[in-house]
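What follows is a pair of complexes built around subunit A, which joins subunit B in one and subunit C in the other.
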Partner chain A sequence: MASTANADIADKHLLDGKDPEKIKQEMLRDYPPKIARKRAKQIVINKVDKDQNVPEISSNVRTIPGLIGQRGCCYAGCKGVVLGPTRDIINITHGPIGCGFYSWLTRRNQTDASTSEDGHNFMPYCFSTDMQDKEIIFGGEKKLEQAIQEAYDNFHPKAIAVFATCPVGLIGDDIHAVSRKMKARLGINVFGFSCEGYKGVSQSAGHHIANNGIFKNVIGNDDTVREGEFKLNLLGEYNIGGDAFEIERIFEKCGITLVSTFSGNSSIDDFANAHTADLNLIMCHRSINYVAEMMETKFGLPWIKVNFIGAQATAKSLRKIAQYFEDPKLTEKVEAVIAGEMPEIENALQMIRPRTKGKRAMMFVGGSRAHHYQELFTEMGMETLSAGYEFGHRDDYEGRKVLPDIKVDADSRNIEELEISPDQDRFKPRKSSEELKKLMEDGLAFSEYDGMMTEMKTGSMIIDDLTQHEADKLIESFKPDIFCAGIKEKYAVQKHGIPMKQLHSYDYGGPYAGFVGAINFYKDIERMVNSRIWGFLKAPWEKNPELAANYVFDE
Partner chain B sequence: MNTARKKISKNHTSTQNPCKLCSPLGASLVIRGISGAVPLLHGSQGCSTYIRRYLISHFKEPIDIASSNFGEDTAIFGGGANIKIALENIIAQYQPEMIGVATTCLSETIGDDVNMFIYEFLKQRKEIPTPPIVHISTPSYSGTHITGFHRANLEIVKTLAAEKTTTRKDHINVFAGMLSTADLRYLKEIFTDFDLKHMLLPDYSQTMDGTLWQQYQKIPAGGTTIDQIKDAGNASASLQMGRILNSESESAAKYLNETFDVPSYELGLPIGIKETDRLFEALEEISGKPTPQKYVEERGRLVDAYVDGHKYVNGLKAALYGEEDLVAGLASFLSEIGIVPVLCASGGESGRLESTLNEIMDKNISEKMKILEGMDFKNIEAEVESMSLELFIGNSKGYSVTRRKEIPLVRAGFPIHDRIGGQRILHVGYRGAQNLFDQIANTILDQRQKTSDIGYSYM
Partner chain C sequence: MLLKHTTTKIKERSALTVNPAKTCQPIGAMYAALGIHGCLPHSHGSQGCYAYHRSALTRHYKEPVMAATSAFTEGSSVFGGQANLVQAIDNMFTVYKPDVIAVHTTCLSETIGDDIPQIASKAAAGGKVPEGKYVIHANTPSYVGSHVTGFSNMTKAMVDYFAEPGGEKTKTVNIVPGYVEPSDMEEIKRICAAMGIPIIMFPDTSGVLNGPLTGHFKMYPDGGVKIDALKKTGQSMGTLALGNLASSAAGFALDSKCKVPCKVLDLPIGLTGTDMFIDALRTMTGENVPDSLMFERGQMMDIISDMHQYFYGKKVGLVGDPDQLLALTKFLVSLDMVPTHIVTGSPAGKKFEAELREAVKDVPCDVNIKLGGDMYLFHQWVKNDPVDLVIGNTYVKYIAKDEDIPYIRYGFPIYDRIGHSYLPTVGYRGGIMMLEKILNALMDRQDRDATDVNMELVM
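Moving on, here comes the complex of A and B:
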């Protein structure tokens, strides 16, 4: 990347009236040279050319020890994110007590157990083998076996999953052997995930391991074909704050049959049956694309990227579904549903837009939310100055077209890639290659995701795995009107005198997906950016405005 | 005092809905209570992230905890290189006055020699100013968050209070346990009113419950200063609060007593009149001054409130849960107001909760109590099945049990992440007892109003 001095003046893009390149240099100044060089590749000033090419961003690389980042571990991604929201699998954490405790119903995933016949809901429970010194020394397989037996005796679940924490891999407990043994003994599905916290560079490794495990042990176990003309799966939607309920409502209105959701408001029975659907929709590309790819190879159902965050995005996604099924009835219904929902959206926007227009946002979350939520802010007339993922990969930033160029490092190589081939009996292409070609010509992109950067303005700052130090600098430099991240950043941001919205847990709010969700979000954000409490704060730049000027123009 | 550990096991092997957290969390909290200190967890980054998010959800303050970010190769080859990079980066970014390195089950299982890593690091930096680095061994497969808390206090004192430098004896050391920020502030107020200079370790009353800032602070202001801790060996006395803690073979106060002859006053957590009276007696003895009038009045008002409200609470049955010393303190308080804590449960397993409670409770009450260690909420729920209870007292994690049982919950202890202000619930001293008493009595009155056909609004 060219430094400011060499940059062509005509090529220089200001961000909110400031030179982003200069702010980047300010951020890096406090790091030792080696670390500054590494971080420089993860802080990129966006530039979208006419062919939709964007600069390369280093991502999915290790966090440097001692920098305060926001990433979780492999276990968190596997147990907490992907498997956590499924209500009727008993998840047993095999390890000392901390990991199980900290991932005990902290993600606010919701579920509706009344839709399952047995009414099972184990999400409010935390099951742990609570390993002690004794097990670390002599092994914990016996205790794990006992824990599985007890969970079974107490609840008679349909399935039990076992999650390995750091010490398990080190002492060599074979959770898979124990799972197989207990599966045979109990006659229910028991399977393990080797998601020790030290694997990979972030929770992303855990997502991959979770995908592999569900695919190997669950998907395809039930071939019952359900009723319904337009059957699909929604992947990477975790029903935080009831998002999935709103999407389900819209699908139902449109006459679309949702076979399974991975994994918001989900049951293991739905996973087992997922391969009978005719289309996979991907919401969070990062956490779930592996399952979609494997299902396509083995069973022949294609996937498309959708986004139900934002009213326009929701409408666009519904139209993509209708286009795929090529049925005039469905198209008509989808259009009617959109037309029915839009007036309320317009009303809400008319009320809040005068108070949100021109405000500036920043968001640093997850592997898709930092992208998706920009839609909602755009609808409100707000601009996203800076964004980044906690655990995204280059394809989430730059689009899947860079996949062949991504170097696989040792950390990624250690995560198993399953060898998948078409199922002899059950592989059935849902569309012929001619049909697919025609749909693509008509603009429906299969197995494609363009990433976050192509949709962001040139000049905006894209920062991967944002550190606390960089967050502080960003806030000092731009004083955004709202900063979106998670609980770990929340109070630091608020100490700066900036409103902060949690996009992991929604601060007890939500749903924010779909049409109803969009309106909820407009209202919540409008209240926050116009809240009176901020009038009681005196932030440093308000007290001493020339200080802010110095940040930009000195050097 | 140190009785043999008696293992009281629950009726199942695994743990379902735990009533304890892990050891590095306690150590991290202590480090955050020291001025200018930064905690570093030596292990996988998930530990620091999880512990941060948990502490933050209770304290509602920014909390930075660094990690040495183990990868798969680190787990195999050891964390020496990572810890060095982490320490360098923390020093460069934060210019800390101390770094506390707490281990995790990962680094403990592979057997990293953290003391040697620190020794090597300090040796390499002989010419460069480097803050003190304290190593705290906190494998999470051993003990609970309280174990890590007390272990951190001990290691910090051991590392920093290196020598007896004067014979001044003009101050006291206080090891008050894992209390709320309001508790810590109140204790400091009491010592100040006795004209006692004090070193409260840890003191996160400001760092974990701060004001809004005019200027962003990398490390929030406040906390026990390093100089205060260095001076601990010169104190006239140490106050250590927590009967279970006192019965441990090792503790910060014991260490200072054995090494520097600092007299140790071992008290219970000052919850309720009886245990608070003992604190004031000790303070009168150490300071040579009578209890200030302010506290005489606080005590008087408290007794007056007990009189006003006793008929509403007397004879009720409650279940108590949480860390052992908190349970002991709350049980002592409840017995004063006539509430029988028919279940006293803890996730801790010191083996001494029962003997401790028998020591402080009247026999006619303690024989009605069921005292259980190593408990999880599955056990607690099973135990209360046959008890007719009016009240639960404990942290947010018991909420789902109370919801199913339709019994009100008065929140106390840690973690409280379903209410605003959980970090500043006042438990200790006469004022704390007053707060708890009002909360409990009003919860009962509220329950009666709700379940009454008429809904009286006049007592």
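Moving on, here comes the complex of A and C:
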């Protein structure tokens, strides 16, 4: 008996001196019992065993009505996230005005149109059919058709995409039929996305629909093989705050040719040509892995997971690329670039580390950022106490090894899975199976992602689809030095007296990717966790109220 | 160029909106509901709606914006959102303990045809609504009207649900402030207090969306109109509804429900707009206008006369919400400025257009006016007939930069500056702030463009 009890105590991993299990129970206590049972599976105390196994976390499950969380909708994931950053497609939102309005320039995707011959850039524009009650009753297909015509007449784009919002699905407008008709009439690429907001359980469904749509309608449309060595695509990098520009800078220095980025600083022409590259790199695994999988099946180019958030992570990712291409010239160049960039990183870290070391962070964002940004905090000597995704799946938490065990529920089953087979003429394995085997033996993992939890400490709190209530409890319990999430969470956190960093919009700063980005991030976080303002929360008379009693002259 | 595809060539469009000058109803309803103390707004639709509305309001106010959602799935879209809303009501009252939940609908739940009062009574019958707590609602289909309509509908819902008819009439005046900023609501309260008039203002977002940093997060900030006050609006002596589109529905509802006479006024923006408001307060209550307000009026007059040369004849392009546009146009005309292009995305109606045309009838040039227009058209007008100043929300920044025109941020949303939630633009004091903004924009430009020869020290 005694030995079991001791084992229990030894088994308890404290988090920042506190019992995470107890805090979890405190969070759940305030929920109705049924809700508490559901949330209990989405709040997991991490435990990494010697074989890198981690506990199961319930994720990509329905949002609980009324709890106040972070998630957005399918449309936001499709139009806002994946297709939004492409500058030369006219994206028409088919629906009432709001959806188009809110996704108008708000994600900070930067683009450089000067690199395209035609210079097209429609990103500062918002296009909508502004559906009215008349169309809800009688159907909106005619208006959509006319809107596509007007977009063409006014702007002469080379492609138009149509995005369905909630009511479109309900009233049964066939946006794909209208798109096909207009494609034939206008002679440009016109394609639709059935990304009604109610589909799936989060933005994630929209990512999948966007991936399918680009794959069906664009990838492979142009077989021109571009000049350049070491050709690759960067998937799941959206150029927020200029991240993609920094990665492009590094690639150029290394002599790596970037065929396309999905979809930061991108042109539809690059997508059409993407299948001619020899390797796919995946940054945001959640939002884009489908395209990588489909390209591998159809065209034969493999994918590897990379991370350009963090200086060490960037160096590691560059080395993976060099390893893949097996060219001593590239390896040498990559090492030279890393060696050239690192002194500045070291200098920056030396300056900031004394003021960041030991500070504690929490991050709840996206489907990969909550993982990637831990790299940067680690470099600064900071610890991530708690993290979670808004719309991640189990594979993003626990690694792709759990893929066969994931139960497909009704909400996911409604999202189309494309049947892909090798392209008869264009399928070309980039490496022989012997070559792949050798690379894998040498440690290069293909089609692999180990997820966030394996890299986090035992005892950390992993929370999927964090609610406002849980965020408040976390902040009150741990008083972290910094909390990272999105715009909706930002000011509530700061009212608590805790600095809050937006990891979607970067608080309008950045870039944070690559080497330059790492230094930007170090400096921003150092500034935030040491800002003087948090020391002024109490007025002098609140700090020393007894002084008031000393000035009683009447006695 | 930011908007490089915008040319001078205007082509008639009937189906495509480009760069909208409005957004959808639910966000206005959410904003209005935040003006009730202890209220948790609830969006009955997909979770994307509340995520977008909360994000937009948060970017505009740089404040927490708490609201919840029914989080429709494909199943609820087919079978209706009753189960979602009942569960949401239970969860909200259990976990977040609001005094009132203000449900607004969305295009999704409206297309399905969910009956909110029926669902709310089901929740109440199931014991999900604690004693003394309320669930109110407004229908806010996104495919009708604009964000202003949503504000109007939720404000009217406050009357429908809370105003109690009967009882002794009091000396209190109801004020429906319109879709204005927390700072404006605060200023309206100050003016009424200066006149010694007790008021009930609803909604009231002051102290909600311009709150302090104290180190303690309050789910329900101190501001907002109290439920008890809303109940008493039926006993007030009268209602002043500021801004026809945003406020008259609530004002008239009070009239028909509780026989409280309602007077609809322009927003108290500018000299004459404020004059009308104060005069209406005076005649309704019999209170005198205090010297302090006369002093502020005199200061505003003083600035206008001192700086008249900088206003006179300057052409202005305006894009924004109807109530604001009307008051602002009258204000600019009173300064001898020339409103040249006026665009709102909201379908504000023929009466509004007639009033706006009347306001500019003596302006010495053709005035372009478009209701249900967009910023793309506005930009094309500006390209064809350049102006000295553009006034509008943050998206107008792109036009101002491309065309190199002085620019004042005004309206919703303002994502890139602070100030609007703290410094009012209504009343005489607000007018002085507007004058300062207009002058700064125009005079900074004169300084910037001055040569080494004609730079002015004193202006």
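Basically, the second predicted complex is superposed on the first by the 530 of 555 C-alpha atoms of A that agree within 3 Å, B and C clash if a C-alpha of one lies under 4 Å from a C-alpha of the other, contacts with A are read in each partner's own complex, and residues count from 1 in each chain.
Basically, a residue touches a chain if its C-beta (ideal position, glycine included) is under 8 Å from a C-beta of that chain, and two chains touch if they have at least 3 such contacts.
Note that the structure is a prediction, hence the values are computed from the model and not measured.
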Following the overlay on subunit A, give me a clash-or-fit verdict for subunit B and subunit C.
clash
For A:Arg71, is the partner it touches subunit B (first), subunit C (second), both, or none of the two (neither)?
both
Which superposed partner A:Tyr125 touches (first subunit B, second subunit C, both, neither):
both
In the overlay, answer first, second, both or neither for which of subunit B and subunit C A:Val225 touches.
neither
Name the contact category of A:Thr165: first (subunit B only), second (subunit C only), both, or neither.
both
Name the residues of subunit A shared by its contacts with subunit B and its contacts with subunit C.
30-32, 35, 62-76, 92, 95-104, 106, 124-133, 135-136, 143, 146-147, 150-151, 154, 165-167, 169-171, 196-202, 410-411, 414, 468-469, 472, 486-488, 490-492, 495-497, 537-538
Would you pull the subunit A residues touching subunit C in the complex into a rising list?
30-32, 35, 62-76, 92, 95-106, 119-122, 124-133, 135-136, 143-147, 149-151, 153-155, 165-167, 169-171, 196-202, 410-411, 414, 467-469, 472, 486-488, 490-497, 533, 537-538
Using the touch definition from the top, list the residues of subunit A that touch subunit B in their complex.
30-32, 35, 62-76, 92, 95-104, 106, 124-133, 135-136, 143, 146-147, 150-151, 154, 165-167, 169-171, 196-202, 410-411, 414, 468-469, 472, 475-476, 486-488, 490-492, 495-497, 537-540, 543
Considering only the defined contacts, which subunit B positions touch subunit A in the complex?
12-18, 20-25, 40, 43-47, 49-54, 56-57, 60-75, 82-83, 85-90, 92-93, 104-106, 109-110, 139-142, 144, 210, 212-218, 400
Per the touch rule, the subunit C residues reaching subunit A in their complex are 2-5, 11, 13-20, 22-24, 26-27, 42, 45-49, 51-56, 58-59, 62-77, 84-85, 87-92, 94-96, 106-108, 111-112, 141-144, 146, 211, 213-218, 345, 376, 395, 398, 415
